[in-house]
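Below, subunit A partners subunit B and then partners subunit C, in two separate complexes.
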Partner chain A sequence: MNEKTTIATKELLYKIADDLLIIGHRNSEWTGLGPILEEDISFSSMAQDKIGQSMSVFQILQQLGEGEPDTVAFNRASENFYNSQFVELPNGEYDFSLMRHFLYDHADQLRFEMLAKSSFEPIAKLAQKIKGELKYHVYHANIWVTKLGNANEESHSRMQNALNECWNFALGMFEESEFENTLINEKIFAGENELKKKWLENISLILEKASLKIPEEKNWKPFFGGRKHIHTEYLKPLVDEMGEVFSIDPGVEW
Partner chain B sequence: MIKSLDPRVTRAQIEENNTITPLKDLDQWETYEVFHQKKRGDQHMHVGIVHAPNPEMALLFAKEQYGRRGMSVNIWVVGTRDVYTSDYDDTDMFDVSEKNYREAGGYKVMEKINKYKKANKIK
Partner chain C sequence: MAITEAEIWQALEVVKDPEIPTISMVDMGIITKVEVRGENSVYVEMTPTFVGCPAIKMMEQLVHDRLIEVGIKEVIVKTTLDKPWDSNKISERGLLCLKKHGLAPPPKHQGEITDELLENITCPFCGSKNVEMKSPFGPTLCRSLHYCNNCLQAFEQFKPIV
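The block that comes next holds the complex of A and B.
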């Protein structure tokens, strides 16, 4: 790969890994506090999956010359993170977290489906490997959102409000990189616009079954910035807490 | 209502002078029996229960509860209400201690075989 392609690829990998790490961490904050035992276990298990996936991506970055995964994940200043603002938002109540899980995981699954055909082999291989995990995450989200969307007035209105709250932040996941064309031309990744299109198709199908309405297009105002290190006030406390144990003694053997 | 540092206790909305209250309807979801299959072709084995409001969610939960550490290729869930069981009072129906004739070991033929072999000089 030439230098420009390497930089473009690294940025792509960082944004994927950071999204996974941050949302994995947020979802893990529900451990022990979930609404039902079985659901607590499922949600925590999926959070573990996400953090594990982020580690796999950091390992690919390491092969491209970046630092050790543990250091990069737990000893980096929040100003240097590439995650979307969507994933750093606090958990709110379970309705918000479930809706975020639904919107994020669909995008994640589609992104990796696209990457399975990437010309950059390591990420294509990883995409194949985690296909089963992502299948369950989306299956879980679909069932919950559909059941709650249709159950009764309270569950329906909570889900609709959560969707409205999440929407503009969710659109922020598809913030374009300055290297979009490089990634597309080198066939590394077919681009955020392509991903957003597929995402809208997929979620619309489920949301319709759940009797939920997507906000009108004229009101869409994506919250961009995360990919360019512009974050909300919520990221720094998260990063500080996440790295707390590691930072006590960064050199130690685990 | 008791307000605790533990949000689960607060959420349970327990009265200050805590007397025992009977369970409300739908306080607990129904249970489903879970069976998993270790590899294709094996029998499905019972592994436990999950609480769920309907079969789809029972399957969703069972996959994580019992399948998250590998060792499963397939899972069944059956509502506990659909399981017909025998009564422990009827355990005496299962008593077969006097019925050797139903087991292979109840037929002692090795002696007779050896005797025959010896008599007819067969190895």
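The block that comes next holds the complex of A and C.
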């Protein structure tokens, strides 16, 4: 791999790992607070999956010369994170969390399906495994979005409002990298635009079943910036909290 | 006389999955390679059921300790995704062990998790197919929650995974 390809690959891996790490921690905030026991367990399980998956991506980054996974995850300044702004937003109410889960996990599953064909073998192998696990995340999201979209007036309007509120942040997940062409030409990743296209197809099918409407295209104004370290006010407190125990004694043996 | 690979596999049969103690790690299909490297050195490869499986370090240790116990001097255990795990890798005996533990075994998949596959579940207690999924997530990452409308009991399934 030449230098430019390495830099491009590292950036791609950082944004994937950071998205997983941050959404994983947001999911974990439902532990003990879920509206019903099964949902408490669901968000906790997805948190465990996602944080474990992020760890595996950080391990690949380590093989490419980056730092040790725990240090990178828990001892890095929030202004150096590559996650989209979408995943760092607070959980809000359950409607918002479910809708974000739906929009994020459809993108995540497609991203890993695309990566399973990557010419960069370590991520291809990992993606092959992760895409199977994500089936259950997407399955869970589809059930709830469809049920609540059709249940009664209140649940429908809550889900529609959550979709409207999420939308431009969700589009921000597909912010292009300056290395997009390198990734595409080297067949490492087929690109954010390709991903977004597939994502729109998949979510449209479910949203239609859920009687929910995607906002009109003229109002699409993606919140970009996360991939270039521009974050909302909500990331820093989360990163501080995630690293709180680690920072007490960074060299400690667990 | 040097130990053989077959003897190593046999020695590992007593090492149980820490989350489901009725099934061995060999029957789970998570031990993917055993290699005798010289008189007193053994190399073992494992692969996790789930990338985020919290038990993997513990399982590496259990494998290591068991082989030390049977007299191997040097044991190297490595976890890799070279041959990723999927639920078809559970042995026939393993599937019976799951059932004995009260878990519905995963149906064989054809390389994809389809809705039909998720609905094709048999109650491990009464054998009825009149069951429903309550949640795709259960007490561990590899289990889902179900209810049997025939014997009126809640049960768990070991999820089919591709």
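Assume the second predicted complex is superposed on the first by the 254 of 254 C-alpha atoms of A that agree within 3 Å, B and C clash if a C-alpha of one lies under 4 Å from a C-alpha of the other, contacts with A are read in each partner's own complex, and residues count from 1 in each chain.
Just so we're on the same page, a contact is a pair of C-beta atoms (placed from the backbone, for glycine too) under 8 Å apart; a residue touches a chain by one contact, two chains touch by 3 or more.
Quick caveat, the model's predicted, so the values are computed rather than measured.
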Fit or clash - subunit C, subunit B, common subunit A: clash
Partner chain(s) touched by A:42 [first = subunit B, second = subunit C, both, neither]: both
Partner chain in contact with A:33 - subunit B first, subunit C second, else both or neither: first
Touching partner for A:126 - first (subunit B), second (subunit C), both, neither: second
Which of subunit B and subunit C A:139 touches, first, second, both or neither: both
Which superposed partner A:50 touches (first subunit B, second subunit C, both, neither): second
Partner chain(s) touched by A:245 [first = subunit B, second = subunit C, both, neither]: neither
Subunit A: partner with more touched residues, subunit B or subunit C: C
Partner chain in contact with A:147 - subunit B first, subunit C second, else both or neither: first
Overlap of the subunit B and subunit C footprints on subunit A, listed as residue numbers: 38-39, 41-42, 45, 136, 139-140
Contact set on subunit A toward subunit B in their complex: 33, 36-39, 41-42, 45, 136, 139-140, 143, 147
Partner subunit A, residues of subunit C touching it in the complex: 50-54, 81-82, 84-86, 113, 118, 134-139, 141, 144-145, 159, 161-162
Parts of subunit B lying in touch with subunit A, wherever the complex brings them together: 7-8, 29, 50-54, 56-57, 60-61, 63-65, 68
Of all residues in subunit A, those that touch subunit C in their complex: 38-39, 41-42, 44-46, 48-53, 55-56, 125-126, 128-130, 132-133, 135-136, 139-140
